[in-house]
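Common to both upcoming complexes is subunit A, partnered first by subunit B, then by subunit C.
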Partner chain A sequence: MDGGKDIDPVPARPDEAQDPSRIGVDDWVASHEGRRDRGEGLLAEIRTELERVPRPAFFAGFGVAAALLPLFTSNDYIVRVGFDTLLYMLLALGLNIVVGYAGLLDLGYVAFYGFGAYGYAMLASPKFGLHWDTLAIIPVVVVATAILGFLVALPSRRLLGDYLAIVTLFFGQLFVTVYQNGNRISFLGLTRSYDLTGGPNGIPDVDNYDLGGLHIGSVRGYYYVALIIFLLVLGCVYLVDLSRTGRAWKSLREDPLAAELMGIPVKRLKLIAFACGAGIAGLTGTLFAGLNTAVFSANFDVATLIIVYAILILGGAGSLGGVILGALVVNVSLEVLRTPGHATWIFYVVLAATLIAKVRPWKRLAVLLVATIGLGYAAHAIVSSAWPRGVEGSASVGGWFGDGLNGWELHPSNPRFIGNLAFVALVFAVLLLTMIDGWKRLAALVPTLYLASFVWENRLVVEPSITRLILIGVILIVLMNARPQGLLGTSRVEIV
Partner chain B sequence: MSERLLELDEVSKSFGGLQCIERLDVHVDEGEIVSVIGPNGAGKTTLFNLVTGIYAPDGGDIRFEGQSIVGLEPHEITARGIARTFQTLRLFLNMTVKENVMAAAWSHTRAGIFRSILRTPGMRREEKEIEALAEQRLAFFGERLMGYRWDQPAYSLSYANRRRLEIARATATNARLLLLDEPAAGMNPVETHEITQLIGELRSKGGYTILVIEHDMHVVEGISDRVIALDHGIKISEGTFDHVATDPRVVEAYLGASATKTK
Partner chain C sequence: MNWNLFVTELVAGITHGSVYALIALGFSMVYGILKLLNFAHGDIYMIGSFIGYGLIVVFGGATHLHVNVVLLLTLMFLCAMLGGGLVGVMVERFAYRRLRNAPRIAPLITALGVSFFLENGAQLVLGAQFQSYDSFSWSNTAIASRHFTLPAHANVSYAQVIVVVGAIVLMVALTLFVQRTQTGKAMRATAFDREAAAMMGIDVDRVIVVAFFIGSALAGAAGVFNGIAYQQVWPYMGFQAGLFAFTAAVVGGIGNLPGAVLGGLLIGLAESFATGYLSSTFQQAIVFALLIVVMLVRPSGLLGSAAVQKV
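Take a look at the complex of A and B:
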């Protein structure tokens, strides 16, 4: 024991305490806010300062920044990526109501998105010869989608958790199937077959948005329309979140039975949450159909659902800022991967940043880097003399960095098979890393890093569509370990 | 005689073959504090679950303010004026202390989604009223749930404060009848003494009628106008505390038949 330290006197018994009003008020609880989520150092200070800024100011800041984006680029592709990101934000915003606030696991969500897109396409295309005004279509589609959401939730309003997830997943699949085969729908086999959805060919030649005579025909136009719609919906959701309804949703997420017994009509609120989420998804669908001028059922399958969920979980379910940040991280990072040069830069920068952040002290880091670089040059020298075909390819990135990589990395001329093997080996190597410790881990990290860069250069960078899914998986796994509440979510306590 | 607030008329409930409550008659008059005692498994909490609508009775009738409440949804029963706390605490742990109480004001407030988005004057006024109500209900517990605690998540509270918060939340429903399920469980002697006084104040200052399940006989003795003893779903004794505490059948239920014989 530390002899010099003063030992607190034994606390008085509660009934003998000098100041009875202090009973139960302990300092640990009083300093709760100060302890929560707060680390030390600069990052923590920045976070403390940011938490003081009211959220609407953040949203306004985001709106201004997003509005300026198209002015700084002449590249329509970048604006298009921005538009897609806004669509994902809208989708995540709707899902946030159902999953984040009300705590209902809705796996059929993307069907509402498709319903909205098809609804717009049917009312504004030569398909049925209808060319309604967009300002008329939007309310009709949003209300219809909300009613659909209400109807889907109606039989499942008594279901919880896993059961609800399965029922809604079925609904989502049912939607895709119906729309894929909707070109020969016959009512109970009694009537002749009608073509409602165009089947696998979808509905082409959909009209652009026409807002009361204002024709939106360009990507930039859609970007601004999407931004305005997003900010409006964000504002609405924010206000509802603060209201009586928002509190009721959160309380039923916390404890449905207690909520019911505190006078909250839990079933009705679940239906409202479903309908609100579905309405927002339907609205997003009209934007999608308006810009793409064609809809196909394949646009609304499980892959889209997974991305929306990834955004929501990554950003932090229940957090509006998290919706924005999650969509930016997921969609922008996925788009960047399409250009191999950029992707490779990001890969190595992220790798280096992770190592610098995680490997301590710096001597150990230096040993690791020197060993990895040395291993690379040694392997390159051996392979180039023994098996020249193994270094025939070249790095995916140019400039000095690419030249350096060319002398370090192995690039077989036909890397498909060996690259796949290496990928499997990499997965096992990473799993092995999680099981060992200390100097063994450091030693194993050297070949693993080299293997990772080999797999990246030879397989992942040339197949961005697969790499993006792997990347989302990796981001989610890492995040769920490091920060289970998501980037901007607040940590939740389930049982205490 | 004062008004019959709650009346159970030959209420029965069984789960499978297990008869939990059998032809039970219970009544609570306006302004009374009635305690329900009995060994574990006697059917006390089942009684609460029947009154609040979590379970539907197999037979008999439950009347509140003279009207039958059998078949109503639990939230409708709460809106009529019965609120409860839970033996195993069921707070909204990740919401703040104040939000917990504000959420319970649902049944006597009106603003819907559209009014919340438009922030109509009525909605803003109502929101202010809800907040004032929550603050007033929390102030009932003295310093315990005041000040910095309002904006802390409920999980940061100590056990005794969670019990207090549950009572505050139940009162925010503007109920006339409070059902308290073991309010003193897990509290130290000082806190138990406090909760005894508090239940008295809930009636004298708050005007609530209270039906309480309690195991701590000091609390039961301190608060009860009338005590009902249950065993195996049957009312075995009813009356003043002294009457019930000395009733041989109650002693038998708690300690076994031999205890009464050797006495």
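Take a look at the complex of A and C:
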């Protein structure tokens, strides 16, 4: 007790200061998110402060920032990237309901996206001579996709965990096969074949959006339509998240058996989750078809599915802010990779940031950097005298940074073969790093860093389309091993 | 009835089915012990296939071979099995081991990531184009073009014989290993109940590593078989083969080894009969539809036992 203060004449009831809500009561369950582990340190403090700001304020801030973006640039390419990012956000939002809230692993999710796109394309293109009004198509397609999701979930509702993943994966593959070969549909080879989806040629000449006489023909127009749709869907999902249904989904995710024992209609909730996710994916598909004015089956393959999963996992499954952040990080960085100069900058900045964050104390970091730079100049000097062709190429960036790299790094004139070997060696080196620690790791880090920059300059930056997919794979593996809850997710405190 | 078509498709189905069965065995073994859907398994099959291809290239290419063909085949199998097995062990060590007690979704997504990494890494290093085993048109022994004729004028090539006989040898060896050796016994015990096995003094980590090694080695061998019988190899071959092998394992009863073989044969036969009789474009869709039907009618698979959920 504090000796300097007066003692209260009437002592407080021992439980008065405590949380008045009791365990198991509805508002205790509702504030369950609050009782989560925030970790320690500066990041955790920032996070705690940020959590006091109400969520809708965040979303509104994001909406305003996103709405201002096209005003600051005359470059349609940037707006296009923004549009794609919004599409990914919408997709991740739908997947968030199924995976993040209800905890159902849906590996056929992209099929619904494709279904929406093909549905829009069929109803608004010369393919069947149909040119419906967009305002009529959108509800029809969304409802149809939701029903499809319902139908896929209907037989799967009895399945548990992994089996559900397998069945949905196969549903997804089934749809991709149908989209791909849909130009020769015939019933068991008996009837004459019909052309439904145009097969590998896809459906061209799809109409643009036409919202009640307002023709949307430009990327900027689509950007704003996508933004409005995204904010509306985000609002709906946010409200659902707070509702009884949202809480029931989360209880389903935490422990389906316990949820069922508590009287929660588990099977019905699974169906609703699937249908909601599918409906959002279908809606996104119509946007995609409207802007691109063509759909191909290649747009809805496993790569797209894995990118959406990477977004969801990176942001943190179950977190709405995480969906926005994840889509921004993943899609923008994948886009940046297309321009070698920018990509190299990002590569070195990320590398440096990781080192600064992970290598402590700073003396050790300084030793590491000096050693790496020294190794580079030494290697460059040796190679340039012994094998001049080894330094013939030049760095992928210009300016002072590129000049510096040219004197430091090896650029063989024909880097393909040696670059491939170095890539394999780099994979082994990184794996080795995870097995040793202390000064050994520090010593091994020096050549590994040099090797990484060699591989990056000579191999990865040259083939951005493969590199982005490799990076997605690495992100998934590393994230799941290091921080399974994602960037904005919080790890739960087990309450026993 | 056209017996020629029937017998040809039957032989093709059994050949294909043997390859699927070998992949499915490894997949099923890992699932039985770890309850992990190893999506990267199909990509290990791809790596095995490329190791075999690399050896053909190293020894002068299929048309100008310097070494005896039997020696080369043996070498291809040994290297592919060893290489596949090592990659499998590495994947387990670096990607899955830390997630053993994580929620189910974490290892699944990691497996997707590993699969994506292996496929695209292989594409970066090996190039995206198809490579060919060159139909074994070797000066002394032309395996793929040599054949004998069954009744109904159906031809069976020596390559198909190698695949089926080789697969049977490997399956028998695996059965003997699992049933007769100490490690096999430990493996069965671990699959039955991992915690209880650990309490009985079984080194569970070691068992898991062995399971990954054997399963991945079988997948590597399947890759070489596939190359011998169908020639074509390319970095994305693993995904579809992996899917079909999952189907095989699930249809037979996941975690059940004879079931995996049965499922593999069924899938191979379904695929080749669907190609021959129904529609070559939709054979994949037909296989998937078959899986979905089996899953719904009998979720535990043909030979699997129903899972009882314990609380």
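Keep this in mind: the second predicted complex is superposed on the first by the 439 of 496 C-alpha atoms of A that agree within 3 Å, B and C clash if a C-alpha of one lies under 4 Å from a C-alpha of the other, contacts with A are read in each partner's own complex, and residues count from 1 in each chain.
The criterion applied here is as follows: contacts are C-beta pairs under 8 Å (C-beta built on N, C-alpha and C of every residue); 3 or more make two chains touch, one makes a residue touch a chain.
Just so we're clear, the structure is a prediction, and the values are computed from it rather than from any experiment.
With both complexes superposed, C is the one of subunit B and subunit C in contact with more subunit A residues.
After overlaying the two complexes on the shared chain, residue contacts for A:L257 are found with subunit B and with subunit C alike.
In the superposed pair of complexes, A:Y163 makes contact with subunit C only, with no contact to subunit B.
Contacts of A:R459 after superposition on the shared chain: subunit C is touched, whereas subunit B is not.
In the superposition on chain A, A:A248 makes contact with subunit B only, not with subunit C.
Applying the stated contact rule after C-alpha superposition, one finds that A:C276 touches subunit B and leaves subunit C untouched. When the two complexes are overlaid on their common chain A, residue A:P265 makes contact with subunit B while staying clear of subunit C.
Once the two complexes are overlaid on chain A, the subunit A residues touched by subunit B in the first and by subunit C in the second are 257. On the subunit B side of its complex with subunit A, the touching residues are 52, 54, 73-75, 78-79, 83-84, 86, 90-95, 99-100, 102-109, 111-113, 116-117, 119, 123, 126-127, 130, 142-144, 148, 151-153, 155-158, 160-161, 169-170, 172-173, 188-191. Against subunit A, the residues of subunit C that register as touching in their complex are 35, 37, 90, 94-95, 98-99, 102-110, 112-121, 123-125, 239, 243, 246-247, 250, 278-279, 281-282, 284-285, 288-289, 291-292, 295-296, 299, 307, 309, 311. In the complex of the two chains, the subunit A residues touching subunit C come out as 99, 103, 105, 155, 158-163, 165-167, 169-171, 173-174, 177-178, 181, 184, 186, 188-189, 257, 302-303, 306, 309, 313, 317, 420, 423-424, 427, 431, 434, 459-460, 463, 466-467, 469-470, 472-477, 480-481, 484. Of all residues in subunit A, those touching subunit B in their complex are 14-15, 20-21, 23-26, 29-30, 32-33, 236, 239-240, 242-248, 250-251, 254-255, 257-266, 272, 276, 490, 492-494, 496.
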